[in-house]
Amino acid sequence: MTIAGAWICLLAPLAGALAITLAGRRISRRTAGWISTLTTFVAFAGALVAFFGLWAADPSDREQVSTAYTWLAAGDFEVELQILLDTLSSTMMLIVSGVGGLIVWYSMGYMAGDGEERRYFAYMSLFVFSMLILVQAGNFLLLLVGWGLVGLASYLLIGFWHHKPEAVAAAKKAFVMNAIGDATFALACVLLIWETGTLELLGVFDDVGSLSTTTVNLVALGLLGGAVAKSAQIPLHTWLPDAMEGPTPVSALIHAATMVTAGVYLLVRASPIFEAAPDVQHLAAILGAITLLVAGVVALVQWDIKRVIAYSTMSQIGYMFLAAGIGAYGYAIFHLMTHAFFKALLFMTAGLVIHHLDGEQDIRNMGGLKKLMPRTHIAFAVGALALMGIPIFSGFWSKDGIVAAAFASGDALGYTLYVAGLVGALLTGLYTTRLYFAVFRGEPSEFVKTHAHQGHGEGPRSMVIPVGVLTVLATIGGFVAIPGVWEPFLHWIDETAEPLVTATVAEDYGTSAVAVTLALIGFFIARRAFVAGRQIVRSADAWRVLEHKLYFDELYDALFFRPAVAISVALRRNVEEPVIERSLDEIGSGTIQVGGEVARVQTGLLRTYAIAIAFAVCVLVVVFVAVR
Amino acid sequence: MDGPDIGWYLIVAALMFGIGALGVMMRRSPLIVLLSLEIMINAANLTFIAFARQQGDLGGQIFALSVMAVAAAEVAIGLGLIVAMARRRIALDVDQASALRG
Amino acid sequence: MGNFLVWVIWFLAAGGCLASGVAVVSVTNPFYSALALIGNLASLAVLYLLLAAEFLAAAQVLVYAGAVMVMFLFVVAYLGGRADAPWAGGPPLLRTAAVVAAAALLVEIVAVLGLAWGDNLQDPAEVADSFGSPAQIGELFLTDHLLAFEITSIVLLVAAIGGVVLGTTPEKELEE
Amino acid sequence: MLTTALILLPVVGALVVAATPLPRATTAGLAFLVALMEVALWIVAASRFDFDDGGLQLGTSREWAESFGISYSVGFYGFSLWLTGAAVIVSAAAIGYAVWVGRDRPRAYHALMLLLTGAMVATFAAQDLLLFYVSFEAMLIPLYVLVGVWGGARRQVATLTFVVYTMAGSLLMLASVVAFGVTQGTFSLTESGTSDNVWIFLGFAIAFAIKAPLFPFHGWLPLAYREAPVEVAAVLSAVVSKTAIYGFLRIGVPKFPEPADDLSGVILVLAAAGLVYGSLLAFRAPDLRGVVAYSSIAQMGLITLGVFAFDDLGLDGAVLQSVAHGLVSASMFLLVGMVEHRCGTGQLASLGGMARGRPVLATVVLVAGMIALAVPGSATFAGEFLIMAGVYGQGWGYSAVVALGIVLAAMYTLRVISAILHVEPGVAVRDEALDLRTSELALVLPMMLVLLVLSAWPALVSESAFPANNATQAVLEAFR
Amino acid sequence: MIDTPSVDWLALSPTVALLCASGVALLATVIVPAWMRRGIAAATALAGFVVAAVLAGIVFDETPTPEILLDGSMVRDQLAAFAQVVLAVTGAVVVLVSWSEDRRDNHGEYYALLAAAGAGMVFFVGAENLMTLFLGLEWFSLCLYILVAIDSERETSLEAGLKYLIVGGFGSAVLLFGAAFVYGATGELSFAEIAVADTTSDAFLLTGLAMILAGLAFKVSAAPFHMWTPDVYQGAPSSVTAFMAAATKTAALVVTLRVLVTAFPDQSEIWTIAVAVLVCASLVWGNLAALAQSDVKRLLAYSSISHAGFMLMAIAANSERGGEALLYYLVPYTAMSVGAFAVVAARERELGRPVTLESLAGLGWERPWHGIAMWTFMLGMAGFPLTGGMFGKLFVFSAAYDSGDWWLVLVGVAATAVSLAYYLNVVRWMYMRTGPELRLVPAGGSPPRDSALSVAIGAGVLVTVGSFFAVQPILDVAADAAASLPF
């Protein structure tokens, strides 16, 4: 029953995707949306079944593996289509299918009238399916399959509006950067095959102890590469902001709630490997810390509403990486969950705004929407508060736990990370407040006055209800882990990934006090700046640097893309054409030329022929007599 | 045996062969080329006969006799060709018979 | 003494042979060339005699110098002046090459002769008087070399057909 | 007998098609029917094949030139049966495409296509060295004319270069065949032993390297793939190139274990270089066919890496990848043909925006493209992963190159997908360029479906490719 | 009283049959009214060749071991019989090719000479001493001189005849001189006895051998003794060219093999090298020069030079396997070359002018049967599979490799690669020209129906392809034939 729930959870979205694809134009666009939504909720139901089945099970029986068939085999090596159901994956299944279902539902309203909704919903279902493979996979290769398929779905959805060059470019960029991650992931798998002979998660974890340090480090690095690419962490982070070219629900689902957090899931899932390679694990934490700061700073200067949220996402995932890197797995997943709630909420409310404003995304053209869209305003505010980590909202519980854990780990690295986390809290306060004020407060801009839809409310029911649900979740989602009082969520996750550090209750609340203070400071600074009508970043130079996202794109362009093009062109000009192709021509025409010369010896003069024979006879005689 | 060694005969034959060959290779008139061929064949005949004497075997002489007939036949055909060419007003110059080449 | 006489005859015959050979090759007019060849063939007949090939010597004079060369002379006469061609001409390279080739051939054969001289060229086999007589030749032609004999006749027949085919003027052309 | 029937059916079909004066449409239909019957026959053969065993089956052997040790012996191993399957499916699709396009002089055209099919099947079935050579060469005869008569503007140069170049390789192989056969006293692959002569091995290796083609022996390829009729290019890259892999698997490695091992370093380096080189050139190729052509070089390099990994993973992966790449590259070429047919050009600069209003085309191109770039979960990914894992044993660097290849493949494939489908319509894309019709879809869809089935279950091929599912042992010992 | 030797008439019967045919054909020119001359002469010649083939087959069957006849004048063995069958069949096919050849008159003489030439070759391959060798050689050569020049209204025909005659005479003289030296060194004319005789002088023997080899190489048209070949092949009437390319080469190669193996076994170390040198020269020269040709007959002439190289490779192997390979090679080779020249002849008659590559344009599409046949022949010559040409090359290479001449195999491979360029070029011209180039320029209307020629071409295709599938029977026969030589 439990396992059947998991399988239903996995397969329902696939069935949805196939049904929509095969039905084609025979079903209406709305029907396609319903199919997608319902199958996702079926998946959620399956996930619930699995979750409660697991809940009810004996704690020793909370690691269930189910195998369908052998997917790939060669010699002794076999990879099976198998799922691993444990506390971690069941949690992820709930998040993915639950939040996914809400967002797909929301999409029905958001995408209405687009004209290609069938394609959209097929992609969405495909994505949910892929994401579920990823979280349920019982072995690394299947995990990699899910890993790649979510990348594919992400590519498809980012480039959904394929007539927009920016969208297509962003989609390609996302795919290629993810392919780099896939490649390192795959290399890690190769190493595992050679060193442990298996790719099954549990089998590998059993064997980790017997591996050499180098091997473990390399494997961990490979996995980290995949995680970094998927979760848009520095240095493979540049695709995420561009990915905002996709429809907003996509941003909510893929680039906030689920896919981009897959890296965190991987870090926690493969924690035995990372624990055996502490340096790499710390590297993950450091990368997370750097990302959370950089993204936070860059978010300060963005004008696009979605991009601000996107940078905020990077930043929040940085927290999760930090948590996973220091071994606070429970908090990493906890923050993953709350972040899924409030970030999805933020994106969806942003979507409502965009929808309301005819697709406008520039916050300079917004303002004063509080009056026009009061319910949206409340939802956004809840999301923002959760993001800033203001008490009782979900983000407060999860984020502060991470920072406290960093403090609790107690060494220099820990303290550094602790400081970074706190600075991040300040930054979060700053950019969130900036965004909130720019969009909802102040006077409506000219644009809003001319474009805002009057009279049809804030959005269709299919959009409003999911937002409402998420608003509730973003508010109360954190109560599943109140330090020192009631921490069932953390214990649940701990069963799969035993944490390396645990903050004391004092550390927890102490950190919270500091963090909340910092967030509030950020809030007030930003508010003052807004009221004064100026930006938070006042230096023009700094502004420019940040606007260019610290020149990462330019750097990569110069380091990788342009050299690749140059090498390709150079190879064609200097090797392929002149050497490989022309050498053939040369040999050919050269031979024919020699043939002409030879034929010219055939003068047609009879005497030549006789002379030739005479000479040949002479040579033959000499050969015979002299060589004798 | 009276007179010079067989070797001297052979030298004469060799010289004739060389002279004949030179004629074939040098002359442009087909008639003279034919004549030169005859000299070459006769050189071979002389060799045969000399060796027949040397070996005391008549086979060489028989061979030489057959060769005479063959040489006559060759001359007949050659002359026929030359006559045919002349009748078609083709220049009797082997250097000009070079339409076929390359 | 007889020995000396043989030497003299040999020298005369050999000299005549080579001289007429050179003449055949070098003379401009094919008519003289053909005449020179008759001389050549006749001197060869003398050499044949010295080599105990009496029948062959006779045949050489009768068949070759007689019949064949007469045919030759007829043709030369028939073609008249048109048969003339200059001695030299053509690419000079060709001329040089021809001389070199002929010389090389000659040198090689003479060298080979020199190599073989010591072996046994000095003591030819003892032969009976009947060696090379028409009777012996005839017998061999009818026994051991019967086939060669028959084939020789066929070759001559073929030559006859050839003469007919090549020599006859087609009817169409006669009408023209 | 079944194997012989599989070889003879298309040949007889070719003769019938060539000799019967039927109307155009009927001729083409007849040829397509024969091709479909061939597929059906292959399915029968596959159903009779014991995949758990995987050893030589469905074999027939007849004396041919027994005093020279030459016989007509055919039969299938698991991997050759799979390669044959890809061959017959691709052939049927190619012939179907030709029917759809309506090639001129259909009798000659279809007869040659069927002849080509027969030769390809014979190559994969050959268990006699000479028979292998014969069918290996026999493929060239129809190809020469197919490219030379029905090809593009520079077809004559293309076809001559192609045939002379590949023949030069094959003739070296002939020398090696002679040397091997004479020293062994038999040409039978099942009876002959092994040889440690490097030179003989080189003859084979160069022939296969040209046929595959491996870098830097690919000089004939760009022109041939560009100038050939598109379905012929499909067959070339999908099937004909795989005969080289069959050659390596059946002859190159098993019969020359020591030389193959000694030279594996060189071959691996060339294969790896080809993988990168082909990918890079594909990345900037200006036209559709160029991309597919150079990506073929890359893929063949990859497959060769798998073969010379000399372990289960690599060998099974090479077979799986051969089958998958065969199907996907044939699909790609046919799609290229359909696009070119609509737009009159394959220049990427003049294309674009075809996704709008052409959902079927867009979907099919996208699916084919995604499989081509080996998106995880696809059959090509499974093959690539196996090869990557297998070749690790020969050096971690090769695996890294394969990983690099994954990234590069993503780059060039996405580029071409976008160039066809996305952004604003290009100058050559007019409104009259319609979506794929059912008949066209019917040509590509079967291959796509097979690919999807293989994606869902790649073990089907990789597990049954070699006897007892032990590729290393099979190739290195049992085949000797 | 002279004891006339007993004559083995069966051994001579193929020769005699052809001679009779020749005589009857000749008589026909005199007796029969003009309008039926051609038919009767051709029928007679055809009958002669067919009967000769049958008789030779009988001889083959009834001669398990070689027999030397007429005091060493000739030999009756399976090698000769095999070659005789090939020659006679070739001749019969050539008769079919000649049937509708445009000739003013001389039909009777033409067929008479053809039969006589055939008789000469059939005799030649059984020659067992130097005298019969020379006489046989001259016999068919003289016939061919005339045949080449028989179209005397064409200047090129006369030119070819003159060239062939003079260069051929030069070659014969060299051969003769060589024969004299061999005779001088051994005192023997018969091959078998030359082999066992006490040689008085190695220098003489080797010089003689070199010159005999040169003379035979001339007939084989192996480079550098090949220079007459292109000119003569081009100038001669196409049917005669076909005959020369196939039959002369067959006869000369078989005899070369026989002479070298039976008469000079002790010198094999040297002559194998010399032959190998000829092989290389032929392969290089023939193939390279062929690349530059536009006249198809000339192209085929160069190709025949390169084939001479391949076949000599089998001789250079100096082994029974080599002999077998040579004899096998001859079968598809004769078929291919007769067939190819037949197609050229057909085209020539259709267009009324010499056939260049340009004038082949469109042949493949307009005359599908000729196109496919020519295609088969070209591929066969290039050694593609599905033709006996491939097995020919394979066996020759095997023989060479077996004898340790692996480098000859490589030369052969390179030569084949080069040869592809011009063989495929022919196919290219037939099938692949664009629009206007493909349009035929016929002399007018549809081509003359010529069923005899079609049958000839069909026979060529049949043998070319048939020798691929039926290798073993031919190989068995060839092995038997090769076994008659004392390797």
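Note that the chains are named A, B, C, D and E in the order they appear, and that numbering of residues resets to 1 at the start of each chain.
Please note the rule applied: contacts are C-beta pairs under 8 Å (C-beta built on N, C-alpha and C of every residue); 3 or more make two chains touch, one makes a residue touch a chain.
From a predicted model like this one, the values you see are computed outputs, not experimental measurements.
A.B. asks: What's the overlap between the neighbours of chain A and those of chain D?
C.D. replies: Touching chain A and chain D alike, sorted by label: E.
A.B. asks: Under the document's definition of touching, what chains do chain A and chain B have as common neighbours?
C.D. replies: Common contact partners of chain A and chain B, which must touch each of the two, are C, E.
A.B. asks: Tell me which chain's centre, taken as the mean of its C-alpha atoms, is farthest from chain E.
C.D. replies: A
A.B. asks: Measuring from CA centroids, which chain ends up nearest the centre of the complete protein set?
C.D. replies: The most central chain, going by mean C-alpha position, is D.
A.B. asks: Using each chain's Cα centroid, which is most distant from the centroid of chain C?
C.D. replies: Max centre-to-centre separation from chain C belongs to A.
A.B. asks: Quick check: how many Å separate the C-alpha centres of chain A and chain C?
C.D. replies: Centre separation, chain A to chain C: 103 Å.
A.B. asks: Per the centroid of Cα atoms for each chain, what is the distance between chain B and chain D, given in Å?
C.D. replies: Here the centre of chain D sits 65 Å away from the centre of chain B.
A.B. asks: Where the centres are mean C-alpha positions, what is the separation of chain D from chain E, in Å?
C.D. replies: About 43 Å, centre to centre.
A.B. asks: Please report how many Å separate the Cα centroid of chain C from that of chain D, as a whole number.
C.D. replies: About 71 Å separates the centre of chain C from that of chain D.
A.B. asks: So which stretches of chain E touch two or more other chains?
C.D. replies: 131, 135, 138, 142, 145-146, 149, 152-153, 162-163, 166, 170, 181, 203, 207, 230-231, 292-293, 421
A.B. asks: Pull out every residue in chain B that's touching 2 or more other chains.
C.D. replies: In chain B, 10, 17, 20-21, 24-26, 28, 34, 50, 52, 54-55, 57, 59, 62-63, 66, 70, 73-74, 77, 80-82, 84, 94-95, 97-102 touch at least two other chains.
A.B. asks: At which residue positions does chain A touch at least two other chains?
C.D. replies: Touching at least two other chains: 588, 599, 602, 604-608, 610-611, 614-615, 617, 621, 625.
A.B. asks: Among all the chains shown, which pairs meet the touch rule set out at the top?
C.D. replies: Result for touching pairs of chains: A-B, A-C, A-D, A-E, B-C, B-E, C-E, D-E.
A.B. asks: Any idea which chain B residues touch chain E in the complex?
C.D. replies: For chain B paired with chain E, touching residues are 10, 17, 20-21, 24, 30, 33-34, 37, 40-41, 43-44, 47-48, 50-52, 54-55, 57, 59-60, 62-63, 66-67, 70, 73-74, 77-78, 80-82, 84-85, 88, 90, 94, 97-102.
A.B. asks: Please output the residues of chain D touching chain E within their complex, sorted ascending.
C.D. replies: Going by the criterion above, the answer is residues 63-68, 70, 105, 130, 133-135, 137-138, 140-141, 144-145, 148-149, 155-156, 159-160, 163-164, 167-168, 171-172, 174-175, 177-179, 181-182.
A.B. asks: Which residues of chain A touch chain D once you look at their complex with the stated criterion?
C.D. replies: Going by the criterion above, the answer is residues 21, 24, 69-78, 116, 119, 141, 144-149, 151-152, 155-156, 159, 162-165, 168, 171-172, 175-176, 179-180, 182-184, 186-187, 189-191, 193-194, 564-565, 567-569, 571-572, 575-576, 579-581, 583-584, 588.
A.B. asks: How about chain E: which of its residues touch chain D in the complex?
C.D. replies: Per the stated touch rule, the residues are 365, 379, 382-386, 390-391, 393-395, 397-398, 401-402, 406, 409-410, 412-414, 416-417, 420-421, 424-425, 427-428, 431-432, 471-472, 475-476, 479.
A.B. asks: Report the residues of chain B in contact with chain C in the complex, numbered from low to high.
C.D. replies: Residues in contact with chain C: 1-12, 14-23, 25-29, 31-32, 34-36, 38-39, 42, 45-46, 49-50, 52-59, 61-66, 68-77, 79-84, 86-87, 92-93, 95.
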